[in-house]
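The same chain A turns up in both complexes below, where it pairs with chain B and then with chain C.
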Partner chain A sequence: MGSFSLNYLLRRLLVFFLTVWVAATLIFIIPRLAPGDPIQAMIARMTQFEGYVENADLIIEAWRKRFGLDDPIHVQYLRFLGNTLRLDLGYSMANFPATVYELVGRALPWTIGLVGIATIIFFTVGNLCGALLAWYRTPRWLKVMIPISMTFTSVPPALFSLLLVYIFGFLIKINERPLFPQVGAYARGMTPEFTLEFFSSVLYHGFLPAMSIVLVTFGFWALGMRGMMVTIEGEDYMILAQAKGLKPFYVLYRYMIRNAILPQMTALAVSIGTLINGSVLVEIMFVYNGMGSLIYSGIANQDFGLIQGTSFILIVTSALAVLIIDLTYPLIDPRISLEGR
Partner chain B sequence: MAEQKRYDSDRVVLNVDNLRIHYATPQGDVIAVSDISFKLYEGETLGLVGESGCGKSTTAYGILQLVQPPGYIVHGSIEVDGTEVLNLEEEELRKFRWTGLSLIPQGAMNSLNPTMRVKDQIIDVIESHEGKQNDKEALRERIFELFQNVGLPNRIYNMYPHELSGGMKQRVCIAMGVALHPTVVIADEATSALDVVVQRIVAQTLVKVKDEIGVSLIVIGHDMGLLAQIVDRIAVMYAGKMVEIAPVENVYANPLHPYTQLLIDSIPSIKERKPLKITEGITHDPRNPPSGCIFRLRCPFAWEHCAEVEPPPITVENKHDVACHLYDEQFEERRTNALATLANP
Partner chain C sequence: MAENTADTPVAGGTKKAGLLNRFDNPWMNWKFLTGAGIIGLIFFLIFLGNQFWDTELALAGASPLNMPPVGFTNWRNQEGIPEHPLGTENSGRDMLALLIVGTPRTIGVGAIAASVGMGVGIILGFLAGFVGGWVDDVIRLATDVTITIPSLLVLIVIQAVLPRIDLVTMALLISMFAWATPTRYIRAQVLSMRESGYVQMARLSGVPTRDIMYREIMPNLLPYLAASYIGNMTGAILSAVGLELLGFGPQRIPSLGVTIFWSIEAAALLRNMWWWWGIPTVILAVVFIALLLINLGLDEIANPRLRKAN
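Showing the complex of A and B:
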């Protein structure tokens, strides 16, 4: 395969850091544009639960000081950037004294696992379906089945989760127990540990959330792939491949899929951000303890620190995923390797 | 250019008989190749010429069983060394390809897979037909030898197509085309995409390799000047019909069919300026060809008989056929008059 130049690497890294910086700045600004004061909101909530809060004014003042909300905005901004660089994302105001770093550290692996596995599945299945749709030797029944299965594409993932929970977590029962669990990332009462039992429980619980992402997404990739395959079929080297008397299956993967997959990889890099955002709602539907649920609780509690921290980590994760795809691209497309004057 | 070997074998390696290819369109079938028959002799180079759209490439792709939809073969027979190509089952055809008939494609710029190294594209054709090659060193030597035959340096072995020039890509295609020593190689406008200097070198390489390996070659092109230098016989096509097939000297010195005469007359001369005669007359609708002779609407010598009867190929001498009523014994007088007008316009 090809290789990439230092120049290419540097340019990609620059884009990565630029993305992260812009993201950090936006994350700093946006919550501050929203009406309401988080500390006051918290006191109000406390009042709701526990009646009168003594010395509320003093508490508010002390906490504002503690979280640095009284400082001028630019001081807050610089402190925020500095802390972010050290990955010190501060405290979660609603879960004080838990730090955002701790909360994110607990939630992120679940989201990466869910979205990662779902991405691998829908990208593989979608591209395979698209390739088979365009291939002349595909059985006719398959060519009819695939477009029918793609009708889910127009359904929002969160709505689709509801449907899946209803059918597989409620309607279909075996021995009085639903086929798949309705909520959670692993069986209740289990503690995360590296055992086969825990691992299988995670897979079992992750099946429906992953499926609701996969089923609404793969059709998009199948259509893109089919379009690319049709274009490739008209290329001169396809006629030569046929004339050479190569085995049909070899031509399919080495000549057609190999070339058609390249634009699909680019599209994947572009869509990773959307994907992670889409998974947020799915996680909430399944009470899956990933980043989605964390963001949701942050927004519900007007928890500045948590919103900033989770959004920032999500953006860094997507930017990192894009960076990885960008850096592997020259390895799969030899024509890119020499680029980067 | 070195003195060219003349081939005079009478062993037929490719026999195309009554081949007809249509393209289906909503307004009716376009007749791309209309009942053509010809023979290719062992070791011979045959040039296939004609205007754009006359069916020369379609004929080649028909022989190779590569006519792309909406095109289809209506009827005919294509025999390569006694094997009827049209009767082969799918897997038999796959195995027959490249060992019986190989192709040097038009527009070599895009004929190589951009994501495969040059060596892998040659290896895959060898391994598809001869099975997995375990002796990697021998395989390497074999490919180096192919490179040497077509004048390519060994360093391109590990390169990708985008790292090669147009001429080099075309040479890779030639090397690939002869890798399995096929019976017949078809070069479809193999030099059209190159500039004139490289064109000539590549064409010479093609003939040199053909001689060394001893295959028969069909060269499709519209550059009459280039073809004259490399082929043994020329077949002239007009609107899906083969109007004349003759040894190359005869075609240039003594063209018989009126269309061939106009074609030869249209080769630019450095001595005089002359109008392009070939534009005279109208081309018919390929869905509704005229009755009788296909060329009569543009032919300066056509008379009533041409509209009534389709001219059969007439053998005027060895390996020289022409499909024109003028060369029928009974119209000798007309022929004399016609040739006289041609001499003194």
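Showing the complex of A and C:
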């Protein structure tokens, strides 16, 4: 097990904090690029959209006070950064007394659960498939099957989820009931609690959303893994391992997969952003109770505060995920501490 | 050695000619050819469609509503009619015309965003790989941060402020994030090429840095750049379709993503109007699969080790 080199650790932390800062700054700047008073404009858009806005005066007052819109811009900016750091994201305009923080707090665990479980599945399955594709002892039928199942790679998860909903939530019916539910994260009328019934309902509802991420993603990892395995097969230490008469499975695991998985970990950190992009859309397709649906309701209600806050928290979450992957990387690759990169 | 520099494009040409005499021409791999063939076919069909089909039918109210494709019936037991072979949707747009108009728009957004992203990526990647020092540090940091941010979220925030924008503006917004992956990729390639013999040779002979970058290294990177471009294009189309699925996008003449958004809004799934959301989805899937095949093919061209594996 390697220890972190200070340089590596500092660089990763720098990237994390820079990402959070850039995200906060973008979210501060973007509404101010639009012409006119941002809050008046927001209320105007909401009025235009919904006919009338409840508590409009209260909202304007609350936001004006919060932003201190009459202060100079750098004071506004610093106050905004301070508020954001304390996760004070302001009010949701469509559900006025509720703060964005409350809404996000309810939605974020669902997204992390869905994306986390999907990631564990596609990373494991993808890398195993890729390793088996390149391994000389893999049965021939498996080597034909895996590439066929990889056809869907690169189809966007959101579009794939449309197909899955249509087939499994609509076409295939058993006793007049669809095989899988079309929408939601658990059965309607249930309240979240720690019971087996609720848990199984969550699994049942989460199956299709998770599958639409897994099925279109694992092929990408299989491809990358195969490329790495092919490179490793040509290495001298592979010849040595075989000459020593080590068991094939031992060679596959300790010599091949163990080395080939390293670039895959780096690739996983790089792809977190894309993954979050995709899962936001999948959640919207399934009306899943996560961050994606929250953003969508923000868009539908012209609730700019909600869109801002949700986006910011999701960006921070993905930066945090990248940081965690980067920090566990030295544990599986002891060389990193020696090279001091 | 100055003449060596001048000869590089010619050298590339001789290399190609030499390969043509052998059976293992890397460009003749089935992945590349199939992918390119599919994209070619799509554009050919679009061309035919523009010649022989009335694209005005893609406008709302141009046709009867909710007609099924020929050979199918809808929930009102109407049969498909040959005037609208792929059916129509609920504001009277003809599906075939929608595809003819929408497909090139969708691919076009990807091409514009990917081109801008690639251009910036080439410049920054070469700068970082060649100049090194603090320039490299800054570019690497910027790249890492940009890759970490899920671009769709920032684009959503922007679009929420500017809801109605045209496709070109959308493409340019997307390209704000499309430069990071090429930059990282090109930088890594340049770093490894920088130490290779022919570059050292050119440097010793006093070839200016810019010439080394663009006349010595660039031609050798072409397959990598092409693969990177295609990957970038896939990503850009993905972002565009994502934004369109959220309802941001051109309204009068829709692209494929906008069409799917409307079908979801109108509960086409529950009304079993599969042609409305299904056909654009399948076309998009085919485009993505074709781009992936081209990408894989180019990868094999650029990387002989992968070729060996087949």
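The rule is simple: the second predicted complex is superposed on the first by the 288 of 341 C-alpha atoms of A that agree within 3 Å, B and C clash if a C-alpha of one lies under 4 Å from a C-alpha of the other, contacts with A are read in each partner's own complex, and residues count from 1 in each chain.
Rule of thumb we're sticking to: contacts are C-beta pairs under 8 Å (C-beta built on N, C-alpha and C of every residue); 3 or more make two chains touch, one makes a residue touch a chain.
Not measured: the values here are computed from a predicted model.
Undergrad: Label the relationship between chain B and chain C on chain A in the superposed model as either fit or clash.
TA: Once both complexes are aligned on chain A, chain B and chain C fit side by side.
Undergrad: Scan A:33 for contacts with chain B and chain C and give back first, second, both or neither.
TA: second
Undergrad: Which holds for A:163: it touches chain B only (first), chain C only (second), both, or neither?
TA: Touch status of A:163: second partner only.
Undergrad: According to the contact criterion defined above, which of chain B and chain C contacts more residues of chain A?
TA: Larger number of chain A residues touched: C.
Undergrad: Quick one: angle from chain B through chain A to chain C, Cα centres, nearest 10°?
TA: Here the answer is 70 degrees.
Undergrad: So, A:72: does it touch chain B (first), chain C (second), both, or neither?
TA: In the superposed model, A:72 contacts neither chain B nor chain C.
Undergrad: Should A:273 be classified as contacting the first partner (chain B), the second (chain C), both, or neither?
TA: second
Undergrad: Answer with first, second, both or neither: which of chain B and chain C does A:255 touch in the superposed model?
TA: first
Undergrad: Using the superposition on chain A described above, determine whether A:239 touches chain B (first), chain C (second), both, or neither.
TA: It touches chain B, and chain C stays clear.
Undergrad: Let me test your reading of the model: by the given contact rule, A:318 touches which partner, first (chain B), second (chain C), both or neither?
TA: second
Undergrad: After superposing the two complexes, find the smallest distance in angstrom between C-alpha atoms of chain B and C-alpha atoms of chain C.
TA: Least C-alpha distance: 9 Å.
Undergrad: Under the touch definition given earlier, write down the residues of chain A that touch chain C in their complex.
TA: Listed in rising order, the residues of chain A that touch chain C are 14-15, 18-19, 22-23, 26-27, 30-31, 33-34, 134, 151-156, 158-160, 162-163, 165-166, 170, 182, 223, 226-227, 230-231, 234, 270, 272-274, 276-278, 280-281, 284-285, 295-296, 298-299, 302, 304, 307-308, 311, 314-315, 318-319, 322.
Undergrad: Touching chain A in the complex: which residues of chain C?
TA: 141, 144-145, 147-154, 156-158, 160-162, 181, 234-235, 238-239, 241-242, 245-247, 260, 264, 269-270, 272, 274, 277-278, 281, 284-285, 288-289, 291-292, 296, 303, 305-306, 308-309
Undergrad: Touching residues of chain A toward chain B in the complex: what are they?
TA: Per the stated touch rule, the residues are 2, 235-237, 239-248, 250, 254-255, 258-259, 262, 332-335, 338.
Undergrad: Where on chain B is chain A touching in the complex?
TA: 64, 66, 68, 93-99, 102-103, 105-107, 109-116, 124-125, 128-129, 160, 162-163, 173, 176
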